[in-house]
Amino acid sequence: MDILGLFNYWVFAILLMIGFYAVLAKKNLVKKLIGLALFQSAVFLLYITVGKVEGGTAPIFSATAEGDLFSNPLPQVLILTAIVVGISVTALGLGIVVRIKEEYGSIEEDEILEMDQQ
Amino acid sequence: MTAAIDIASWILLTTGGLAVLVGGIGALRMPDLYTRMHAASVTDSLGAILVLVGLMLQGGLTLVTAKLAAILLFLVLTSPTSSNALASAALLAGTRPMGDRHGPDSGDTP
Amino acid sequence: MTELFGIFLLTLLVITAVAVVRAQNLFVAVMLMGIASLLIAVNFFLLDAADVALTEAAVGAGISTVLFLSALALTVDREKAPKTKVGLAIAVTVVAGLVIFYATLGEPRFGDPNSPVQTHVGPWYLEKTPELVDIPNVVTAVLGSYRGYDTLGEVFVVFTAGIGVLFLLGHGRVRRSLEEETRQNEGLRHYLIPRVIGQLLIPFIILFGLYVQFHGEYGPGGGFQAGAIIAAGMILYALLEGEKHALTVIPQKVLLGMMAGGALLYTTVGIAGMLMGGNFLDYSVLNDNPVIGQQTGIILIEAGVGITVTGTLLAIFHAFAARGD
Amino acid sequence: MYYAVIIATIVTMALALTRALLGPSVYDRVLAVNMFGTKTVLLLAVASFLGGREDFIDLALVYALINFIGVLAVLEFFRKRVERNEAEESEVEA
Amino acid sequence: MSGIDAHLPALQVVVPMLTAGFVVLLKQRGLAWAAASAASAMAFAIAVQLTMTAMGGEPITYEMGNWPAPYGIVLHIDSFSAVLMLIITGASTLSLLGGHASLDSQIALERQPYYYAAWLLAVAGLCGICITGDAFNIFVFMEISSLASYVLIAGGPDRRALPAVFKYLIMGSIGATFYLIGVGLIYLMTGTLNLADMELRIANVDDLRPIYLAAGFITVGLALKAAIFPLHVWLPNAYTWAPHVTTAFMAACATKVMLYILFRFDYLVFQGNLDGHAIQFTGYLLPLSLVAILVGSVIAMLQNNVKSVFAYSSVAQIGYIVLGASLITAAGLTAGVLHIFNHALAKGALFLAIAVIAMACRSMTLEHIGGIAKQMPVTFIGFVIAGLSLIGVPGTAGFISKWYLITASLELGNTGVLIIAIILISSLMAVYYVWRIVEVAAFGERDPSAPDVEISKPLIIALWIAVIANLYFGFVPQLPVTLATETSAILLEVTP
């Protein structure tokens, strides 16, 4: 199980790479934002993985979970915050994209650059 | 008595799982959009009903069962609605069912 | 066994992510992103993060998809074929990836109960919460009280995003013709079945949102999740009945008031703590019994969070939807 | 026995994902996403029983709800797009 | 300390935040402006008060919600935070009080309440970063300040502001996410988020690979946000096309706050604990900062738009700050921190002058500002003095930090000579690009189609306050020097 013990971290790394690639290489502005969202999701996965404890359960006390082992609540709190931050960035980014489309008629980065150089 | 409920619930869960699986295969293998939709939506509802009722039997008379009933009601209402809306949108946009020999205006528009 | 399910789902997630990046049709990319979000959320659930799974489902799969679609409706839904070289991007990405892989070898194994994370700070919360705050959901206790300052900041992040979108899109252009305006505003009125079913469900959705809001101390839920759910319910209404109609029910002014009001409520609770002899955001002093004070404080600030999130998400949605081109 | 249902659901999710990736039309993809969402609801319901935390069934309810709103948002998007550009092709390249 | 004094650390952030909530609701634009200015001035007063307490004494700590560290979030204010807080709130107050008329000419009236609210949130976010002692809390406030800055920049009347701000948003979010990954990795290995606690617990970590990775991620992420060469590409356009008053505020403090976090992490958390971590400075940041100084200055010489000139000059100036810090000596750090302060003074004054000039010109390209000196001599003199401070002429604040930088380089021997040569060359380049503008403005032909000169008195007063500060701190540099020296002592505490 040693290899599998790191599987989540690897998925984090792969997702991070995929998202990062999309942000860097794609010229479409909406696609960049999608890439950014993926990129951030990867980080969420990292944190939540960190908080998991073998054989644990969610850190919410209840009659059915008396005396159980609980996973760490702290990373979950952080990621709750980060998810909301993520959607805020996405919303603002989309707002800017809509304005760019209105002003330039395009949402392709290279076309916009060309228009500005004229 | 509990044994009987358990057995009934297991049977429901298993058939539910089977229905779900069949629906998945159907959605993948059927030849065109509408047949796929048929496969997906019908078994979707059936599978959901079977599995959720199976879980209800496990839950007994508790708040959990009430919540499961709510989910069930919700799924039974929304799942066909979504399928219907989707099919009509596809039809309006001009996707014709396979084997449809009539013109675009003879379709059963909503 | 659950670990194996997790691994399977994560593999699906990676496949989906690749497809998202490859899809040239932006609409398809957004749809696949919805799937990716659901997959991540299920994984969160399997990793014992019920609250996060709830948030990811409501925000990631729900609101985010709706926002992306609203933006796509205003722009174009197809990406132009890439012309430029991507060599540098690939190189940077691969190098970063390899470095991370190398470093992961030194990390504690998945679920290791002896890892630093499970032995420092975290256990303190689990141990002390019953005594100090006495609510079952430790996540809510940490969110609302121990790290309440973070949450305050987060509410203001949402608030800032709302201000930003309103600043950019709030004072838009005037529509061209009356006819166009009516068409733009009609929503899904002609789809009879969805409309009837949807209207039937909206009250229950809002009710459920309120349940999530006030049940947040006992089970998964809280202000963010509830805010997102209630906003989703109102968005459903706007989809069915059209923009204009939805705005007459809750006008933008009210939404703006909610945005600011929730954030102000949160801050006020913090200041109340200060005035009553504690530190900022110290709820213990709100009542003679510190534990009850904590609980009161958490309920109040969660309400503030819920109000701001609902108001902001709705305001953002309307800002997009009302901007016909 | 819960495992059987979970496995069936997960496999179906994989099948739905395949359909979403294959397309060919956007409606197929929306169908697949919708199906995927329903399966997620079932999976969560069963998984919360499996983990002994039946009280987490709330999550499944949220998923069902979000799923429905998602489909309607897609419909509204189609409607707006058709209005904006009647001639636009909805077919997708592979 | 007693009464309200005890709560000042919290109020530093809460006052602007709370006011931001009210400002959006104000329909009257004048009222919104007044409220924002008042809140900003109040934040400045709090910052001054906190500086006086923190200077020379123990750092101030404040437990949020009365929860002890590392379980709760603790505020931590020392001389380094004080430097940043002073320039943030100072620049904000000056720009807001003076910028009223300039903003009216650039931003539609009905959008202004949002703008002012975003401004206050930016102040709150930046201050929040400087006073907190918690790694994740830094992330939250970083996002508040970033989102607010995106709004402030997007307010620019030219459409080119939009692609510029989008680029900033993408790069800024990547930077913030990198930072979050770094913090996550440290958390994974230490189990804590409190900076002081991290510092202690990293010493006990067996396998340092994830920590090295975290150091890399945090450095790169913050370098992105701080626009350290070659990750500066978002900065020039964003500064050029933002509303003028925004530029004056942002150029003074936004990137410097990111440098603040970078130094905090690299010195306090990593430097004492990681073997060979110094390479990050000598092998990576030092050469890059030298290249930044040269490249930034060269590109600045080639620009045609006055704001672009100073935006690229900012890239070079950030190079100076990083250069000072990456010498890893007490003298170098003092010089770097001193330059944070002095550059904020010079750049803030320059951009305020530009805001005045811009009101009488069609655009800020060189051909449109010809002959402006004759029409607004008072502004022009202010501009020249601020330019001299940027170059580093004796008698101005800019000279002090360059002098410290050169002294610090001298300690290095041969490498030091090279560094000094580069500093001198870059200063000469600065003379050139400032002179180019002065020449056109003083001797060029006045653009006949320019709008009538409309002199905004408050803006000129704000400009002159900044100019006088440049001169004052050029002759009496005790305050910044004391703060900078104390900062270097704090940062180097673990590696004597």
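Order of writing sets the labels: A, B, C, D and E. Residues in every chain begin at 1.
The rule is simple: a contact is a pair of C-beta atoms (placed from the backbone, for glycine too) under 8 Å apart; a residue touches a chain by one contact, two chains touch by 3 or more.
Bear in mind that the values here come from a model prediction, so they are computed numbers and not experimental data.
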- Message: Applying the touch definition from the top, give me the chains sitting in contact with each of subunit B and subunit E.
- Response: C
- Common contacts of subunit A and subunit C? D, E
- Task: State the chain with the largest centre-to-centre distance from subunit A, centres being mean CA positions.
- Result: B
- Please state whether A-D or C-D has more C-beta contact pairs across its interface. C-D
- Among the chains, which one keeps its Cα centre farthest from the Cα centre of subunit D? E
- Query: Taking each chain's centre as the mean position of its Cα atoms, how many Å separate subunit D from subunit E?
  - Reply: 47
- Item | Whole-Å gap separating subunit B and subunit C, where each centre is the average of the chain's CA atoms | 28
- Query: Where the centres are mean C-alpha positions, what is the separation of subunit B from subunit D, in Å?
  - Reply: 12
- Message: For subunit B, give me the residues that contact two or more of the other chains.
- Response: 74, 78, 81-82, 85
- Task: For subunit C, jot down the residues that touch at least 2 other chains.
- Result: 50, 70, 72, 100, 104-105, 107, 115, 117-118, 121-122, 125, 147, 150, 153-154, 157, 160-161, 164, 168, 191, 194, 198, 201, 219-220, 325
- Note on the structure: Residues of subunit D that touch at least two other chains are 13-14, 30, 32, 51, 53-56, 58, 61, 65, 68, 72, 74-75, 79
- Query: Taking all chains into account, which pairs touch?
  - Reply: A-C, A-D, A-E, B-C, B-D, C-D, C-E
- Residue ranges of subunit C in contact with subunit E within the complex: 99-100, 102-108, 115-122, 124-125, 128, 145-150, 152-154, 156-157, 159-161, 163-164, 166-168, 170-171, 256-257, 259-260, 263-264, 267, 270-271, 273-274, 278-284
- Note on the structure: Listed in rising order, subunit D residues that touch subunit A in their complex are 51-56
- Task: Note which residues of subunit D are touching subunit B in the complex, please.
- Result: 1-2, 4-5, 7-9, 11-16, 18-19, 25, 27-28, 30-32, 34-35, 38-39, 41-42, 45-46, 49, 54-55, 57-58, 60-61, 64-65, 67-68, 71-72, 74-75, 78-79, 82, 90
- Message: Quick check: in the complex, which residue numbers of subunit C touch subunit D?
- Response: 1-2, 5, 8-9, 12, 15-16, 19, 24-25, 27-28, 31-32, 34-35, 38, 41-42, 45-46, 50, 53-54, 57-58, 61-62, 65-66, 69-70, 72-73, 77, 183-184, 187-188, 191, 194, 198, 201, 205, 208, 212, 215, 219-221, 225, 229, 232, 235-236, 239-240, 325
- Per the touch rule above, subunit C residues touching subunit A in the complex are 3, 6-7, 10-11, 13-14, 17-18, 20-21, 26, 29-30, 33, 36-37, 40, 43-44, 47-52, 55-56, 59-60, 63-64, 67-68, 70-72, 74-76, 79-80, 82-84, 86, 88-90, 92-94, 96-97, 100-101, 104-105, 107, 109-113, 115, 117-118, 121-123, 125-126, 130, 136-139, 141-143, 147, 150-151, 153-154, 157-158, 160-161, 164-165, 168-169, 173, 218-220, 224, 309, 316, 319-320, 323, 325
